[in-house]
Amino acid sequence: MKTLTTTHQISVRFSEVDSLGIVWHGHYISYFEEARETFGKQFGISYLDIKKEGFAVPIVKTATEHLRPLKYGEVMTVETTFINTRAAKIIFNYLIKNEVGDLVCKGETTQVFTSVDTGDMSLSNPEFFKEWKKKHHLLND
Amino acid sequence: MKTLTTTHQISVRFSEVDSLGIVWHGHYISYFEEARETFGKQFGISYLDIKKEGFAVPIVKTATEHLRPLKYGEVMTVETTFINTRAAKIIFNYLIKNEVGDLVCKGETTQVFTSVDTGDMSLSNPEFFKEWKKKHHLLND
Amino acid sequence: MKTLTTTHQISVRFSEVDSLGIVWHGHYISYFEEARETFGKQFGISYLDIKKEGFAVPIVKTATEHLRPLKYGEVMTVETTFINTRAAKIIFNYLIKNEVGDLVCKGETTQVFTSVDTGDMSLSNPEFFKEWKKKHHLLND
Amino acid sequence: MKTLTTTHQISVRFSEVDSLGIVWHGHYISYFEEARETFGKQFGISYLDIKKEGFAVPIVKTATEHLRPLKYGEVMTVETTFINTRAAKIIFNYLIKNEVGDLVCKGETTQVFTSVDTGDMSLSNPEFFKEWKKKHHLLND
């Protein structure tokens, strides 16, 4: 089975660095989102693509593990990998590395599908998502 | 003519302090907003009150002046004053003081009225706002 | 064994709400921090207390689970509970509830001790932390 | 006299869009900073360059004017122009345009020089800054 991965570079902003001189941990959630959108654009499954299908994909779970700090001036690379599952969920793994390739942060996010109109959560995968999986050889059977 | 003023206390969050050990300047815009909403709640002109009348009040102008730094652990007091004007605008002045009463930051914001439905900007004061001014003895004539 | 818990109230800021009209998920990390500092102040183990002992306590792990959305204007209550462990770590659990008591978000953070001077991580609990645990009847043996 | 200008592109992040579906006004302060650092890197006067000279350059004044909204998915261009002055200040003007070239936001920031060691503000231009101005044909007499 294929693995879909994208890489995305982000420069640390001055305002993201805390009084210890390192990126404040909460900003990694925002880095994941930025990287996830690069994935979405590359593979045709961005927030705007999904919205056109009548769905929002709110985050229901996040996890981060911080191994090394990042400082102001550093450029990170975020590797975003789609984790295939049968459930009506979108799961991504993230690996953030610094310029010399050291692992800085590992993370995972889980999203569900909700109807833009009703707000209701889909218990099964929406048609457009099944099509998307098919196109990328990710169907689970 | 009456002056409408409220005071609002905010504790500096750890994540708001930058690598120089002081509140990052951009966060003051957020402090103004928090203080403005305290004003809004006290005088019945909060975002939600205004939304019920069919209007949004986007910010079209901000100004800040920074006189002293704030550090993590400090509690600031924001004094928010409504600046009366004939124009179809909402103008507030802000004075932020530290715990010993020193002036930390001065600011001003300007908002206009836009229709929630059409997005169009009001060139004259909406009826509900005229009523609100009347009630608070702020009518300009 | 005693359980140490504090509760802390936070009003949703306008700038924390995303285009879906709900609090953007990344802000919960900041709510946890604000609530953790209320715990720290109440039990004498705030960032500033710890700094005086020569230590910083960077976050090495976070987890969030989102069960319900929060909207602008809502006031949340964060329950912060100290999770006792033998390891040289500070672990907190968080439960965020809305005004009618519904569970909105569950979370956990893990912190380690690093020397303010050298940046090195402590492999064993610092003396001041053992004293703190003793005082609060949390010693693990 | 020469004018120093740089342009810098920024994609709107999902978390930067508020419940009205537009970029929350406070984020423009962060866009200015990001653009200012692009200027700093291009012309050798970044935060890190200045720090090496023993100075910090805290913001003492900001002004923004908002003419059009930006939405999620849009890419903006920030034009940053150095405003030459005799005073011991760094002043920048910013013009933010959307993809079709419409003006979205105008802004200005003022910074002063403080000693990294003592925190004291310089009343005259530091030597390194005079050298920098000379190099770029910006000396005021």
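In this document, chain identifiers A, B, C and D correspond to the written order of the chains, with residue numbering beginning at 1 in each.
Everything that follows uses one rule, which is that a residue touches a chain if its C-beta (ideal position, glycine included) is under 8 Å from a C-beta of that chain, and two chains touch if they have at least 3 such contacts.
Everything numeric in this text was worked out from a predicted model, so none of it was measured.
Undergrad: Taking each chain's centre as the mean of its C-alpha atoms, give the chain farthest from chain D.
TA: Centroid comparison gives C as the farthest chain from chain D.
Undergrad: Roughly how far is chain A from chain B, centre to centre by C-alpha average, rounded to an integer in Å?
TA: Between these chains, centre-to-centre, one finds 35 Å.
Undergrad: Approximately how many whole Å separate the CA-defined centres of chain A and chain C?
TA: Spacing between the chain centres: roughly 24 Å.
Undergrad: Starting from the mean Cα coordinates of chain B and chain C, work out the distance between those two points in Å.
TA: 30
Undergrad: Multi-chain contacts only, two chains or more: what residues does chain D have there?
TA: 14-15, 20, 26, 30, 33, 72
Undergrad: Have a look at which chains touch which and call the overall pattern line, ring, star, complete or other.
TA: Topology of the interface graph: complete, with all chain pairs in contact.
Undergrad: Please name which positions on chain C make contact with chain A in the complex.
TA: Of all residues in chain C, those touching chain A are 20, 22, 25-26, 29-30, 33, 56, 58-67, 69.
Undergrad: Where on chain C does chain B make contact in their complex?
TA: Per the touch definition, chain C meets chain B at residues 13-15, 30, 33-34, 37, 46-48, 72-73.
Undergrad: Report the residues of chain B in contact with chain A in the complex, numbered from low to high.
TA: It comes out as residues 14-15, 17-21, 24, 26, 72.
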